[in-house]
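Labels run A, B, C and D following the written order; every chain starts at residue 1.
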Amino acid sequence: MNSLDHVSRTAHWKPTIVAERALIVAHTAVNGEYRHLIVECGDEAASALPGQFFQLLCPQPAGEQSFLRRPMSVYGVDPARRRVEFLYKVAGVGTRGLDTLKVGDTLDLMGPLGVGFTLDPGLRNIAVVGRGAGLATLAPLAGACRARGIGVTAILSARRPDLLMSIELFESHGAEVITVTDSEQTSGPANVERILRHLISQDRCDAFFTCGSSRLLRVQQRLAHEFGLSGEIAMEQQMACGIGLCHCCVRDFNVKGEIVSKRVCWDGPVFDMMQALP
Amino acid sequence: MNSLDHVSRTAHWKPTIVAERALIVAHTAVNGEYRHLIVECGDEAASALPGQFFQLLCPQPAGEQSFLRRPMSVYGVDPARRRVEFLYKVAGVGTRGLDTLKVGDTLDLMGPLGVGFTLDPGLRNIAVVGRGAGLATLAPLAGACRARGIGVTAILSARRPDLLMSIELFESHGAEVITVTDSEQTSGPANVERILRHLISQDRCDAFFTCGSSRLLRVQQRLAHEFGLSGEIAMEQQMACGIGLCHCCVRDFNVKGEIVSKRVCWDGPVFDMMQALP
Amino acid sequence: MSALMTPEQVDMSVRVGGLMLRNPVMPASGTFAEGLAQVFDFNRLGALVTKTITRELRAGNPLPRVVESPSGLINAIGIPSKGVPYFINDVLPLYAAYEAPLVVSISAPTAEGFASLAAELSIPGVAAIEANISCPNIEEDGKAFAMSPQATENVTRQLRAATGLPLWVKLTPNTGNIADVAKAAEASGADAAVVANTILSMAINLKTFRPSLGNVMGGLSGPAIKPIVLRQVFQCARAINIPVIGCGGISTAADAVEYLLAGATAVQVGTASFIQPAAMTTIIDDLKAFCIQREISRVSDLIGAVVVEEADEVDVSWVDPVQ
Amino acid sequence: MSALMTPEQVDMSVRVGGLMLRNPVMPASGTFAEGLAQVFDFNRLGALVTKTITRELRAGNPLPRVVESPSGLINAIGIPSKGVPYFINDVLPLYAAYEAPLVVSISAPTAEGFASLAAELSIPGVAAIEANISCPNIEEDGKAFAMSPQATENVTRQLRAATGLPLWVKLTPNTGNIADVAKAAEASGADAAVVANTILSMAINLKTFRPSLGNVMGGLSGPAIKPIVLRQVFQCARAINIPVIGCGGISTAADAVEYLLAGATAVQVGTASFIQPAAMTTIIDDLKAFCIQREISRVSDLIGAVVVEEADEVDVSWVDPVQ
């Protein structure tokens, strides 16, 4: 709410959120469903933080129309080379449109948007628990942890082993990766709870960072409560404006026993895990 | 009106007008304004006759929208190789969209549409008078004339010599080409009339075929009347459906002294020159 | 999906205002003519619907008669008409060869004019009368009979007395109370309500500062109006017991299904045929495919089948479901 | 075009219902909030307009609250409101720092409620009251005060008595007689009419057969509705002498010019900011550029400047003109 404070009203006024046409520098299929997109953009966009997102104006695939932008988490960011990366699932008309982009094309992106993850200076080891596109949101956190000397154990969940993503990326940031899948029957809440309890017992989990699964959220909330740990969750909701104008992306949160409605795009997408209602 | 007669209602019913996705096999800039497009299509489309046209569903250029198809005359047709050619001017949103097509892309075209030119068996020599995109419409006529042993003199008009088009195409079909331009001050009605009178006096003009200029139409109508010659004109009008449904493309014609409204897309676009009201 | 259902097993027929149609898809008046006979077999359609005809000879509106708009078309064609004898002698015979029933759309400046025209056209070859009491771009700032329940009741009553044919009444979306107008049409004897005609609109040419249409205002059609007219179909279908024929922005089978779910018994397709001339037969094919995929054995089972109750579960289907 | 005019020479100001605005571009209620302060300097706008507030605390509608539509958006946000004290203490101060006048949008279930809320909000920092007597998705099938001239007259009269601030009244496009409603607003003391709110619409989810919106129906906004609302602005501007503020589908300066030509004195930009967050400042810049290019020294010269007479010349400009 006090974002108006950011605004300097001098002649040198500068926006902190911009919409611009970014240049596609790489675009590859990760598997049948997911694509990895790298764009070259301006300084504002390239200053995005882990957990923040962009609103992408997807090109229209032939014979189809989308009207709104589509929200996508920052999957990677390189301020020096002014690059931002996305990892997205081809789901519907918007992402089918994205999928048509070729290197050398441009993409209108708007951001960086929202509130990202906070890494408390006191943290030594964290557990990252992600599933599906949630991995895209969590991946840049591993890099930030390495820069701060925080140890990361990443529990990555998917339907099948071939749909697991970002293992190398997490490992390249020094994270230990544990994979769980539906087809191997390792992804259920009970097994993930077992893994997390083990980490906690080894003093390798001061906090949880999670995205992409309500069932795994509940497991983490229970453990955080039991062991007095903290946690953050990146949440999703259908969005229109992405910048706090329209109130279509609200979710209810439990703030000290009171149910409070918050805008995921503006008050989040990262929230205190203990306030989240799965 | 008796087109319903064409319809066989047996199980073997076949359309004569189709909408299909044709393959772009060549697309080149003729000059700053005009593009030459060649597509590979089905048998129905590749049976188009001179003077007929297609309705093109133009791709949307980035950030712009067109809703309707755009009418384009057949500039060339090769039934054996199933190819159709267009010559178009980049004018607005639709043609800007066309301009983005690359070899290998597809274009949704619908046709062939309308009534083309009629070459009376008695004709020996004709004069073809065209300007601007009108040349696109008249060009295939030269090929049809050669096939029937009819001599062609083409008077091609443009703003400047560098905007003249299709000279080689007419010549390759054995036509004699005379060019007139605004910048050389040769394109005015008086000069064109002089050229046509000369042709008539040499017995090289049994009929006029024209498109693209009201002022030159009037000259030809006058001469046709004076010398008892016939003529046909390809007319244009803003179109929505292109197939006679909507009545947005009407023009008034003088049919034996009576003013009659006709649909350019369905009753034309080629009409008896003497009925045309410039 | 289902190995059990074959295309033949989907019953595509619907009963609309006294007529049994082989399927619920037909053209919208003014967007259908002989040209389409070169694109598909007219017998595939549920019905054929003529351009509105009038008794008077009419030239139609000055040009330009159409202008594009985002996802839509604004038209002010007017109703060019060559009169009744021409229609009976030259147009009617063209359609005689088809089994699909012919619906004749009529218009007149007065209720009496409507009635006498309906009477004159109640002849063999005409299966139903569609009274276009809604065309917005003819008179006084777009006002039409169907703007008010009273005027609708008056004209429908006179029409009902004048013809024994099924009587469809085509409403305007420009009124503020379309369900009341539909009720008036039902109460005074209409067999079906067509919902709806075009929405009164305007565009201005920035080069000339003049209206983009010769007639100043025109009617908006196409995908842009679909959500508005769908809402009106939903409102009308809940208010009346005679069938509602949905018409507004339908381009795909998905659009048609939305209208059926909202309560339409059949649909009319207009502007879509300008973009894809085979839109209607594609919709029929895809509608059948939809029924097969969803194991719906009668297309009429879709009519009014929208489930209305508060939904509160958030769609997070882009996230992989756990097991 | 003109070497004679510089940007400084274009007078962009307009006078709207008691306020002098530095330019005619402002946000539409419900599509503007603090987030945009990170995109552009609010002082560039003609005015600032708040989301509608109510006296009661309101949660807003169930989710989903928006659904896409061809060239448009259907929303059923409802009016989540934290009440008057929160607004005065926590929201108003945010805008105090800006020179652009603050217009506060209000709503209430009764005419008395409207009046007392307007009275309570007639305080320093508030430059004008916009009475949203039109929001279509709150009560009884979308009915609202602005559906009828009578209800509009009643609520406007009570509002007028309650506040000395400029009073803008925001009309609904869902009525069949918007010019009559505008006349009623003028007659009972409104200083300006905002034309218009969203158009009542619906969409159905084909996976679930449920309405796509938690609230069943919602309001359509965006480019799809532009030609409809433009027509209504034209009709209203001809019917009343107080300024009309055009609002519906404006995304570009060209759209804004169309509205001004049709008779709007200023424009509000809503949904366009969801697609391009800097839409409003881009429109202001491009509007100035348009004036320079066309050698129009005052933007107010565009207001109502559409030339209405039958055009009969056919546009064949794609054909090269001879000399």
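Going forward, contacts are C-beta pairs under 8 Å (C-beta built on N, C-alpha and C of every residue); 3 or more make two chains touch, one makes a residue touch a chain.
Not measured: the values here are computed from a predicted model.
By number of C-beta pairs in contact, A-D leads over the other of A-D and A-B.
Summarising the inter-chain layout, the chain whose CA centre lies farthest from the centre of chain C is A.
In this assembly, the C-alpha centroid of chain B lies 35 Å from the C-alpha centroid of chain C. Averaged C-alpha coordinates give centres for chain C and chain D that are 32 Å from one another.
A straight line joining the Cα centres of chain A and chain B is 56 Å long. Looking at chain C, residues 63-64, 69-72, 222, 314-315 sit in touch with two or more other chains.
In chain B, the residues that reach two or more other chains under the touch definition are 65, 237-238. Interface residues of chain D facing chain C in the complex, by the touch rule stated above, are 62-64, 69-72, 74, 141, 147, 174-177, 199-204, 206, 208-211, 214, 216-217, 220, 222-228, 230-231, 234-235, 249, 254, 257-258, 261-262, 305-312, 314-315. By the touch criterion given at the top, residues 59-60, 62, 106 of chain B touch chain A in their complex.
Those residues of chain A that touch chain D in the complex are listed here as 1, 3-4, 6-7, 9, 13, 15-19, 57, 65-69, 110, 237-238, 240-248, 250, 261, 266. Chain C contributes residues 30-43, 51, 59-60, 63-66, 68-73, 75, 77, 80, 90, 94, 97-98, 222, 273-278 to its touches with chain B in the complex.
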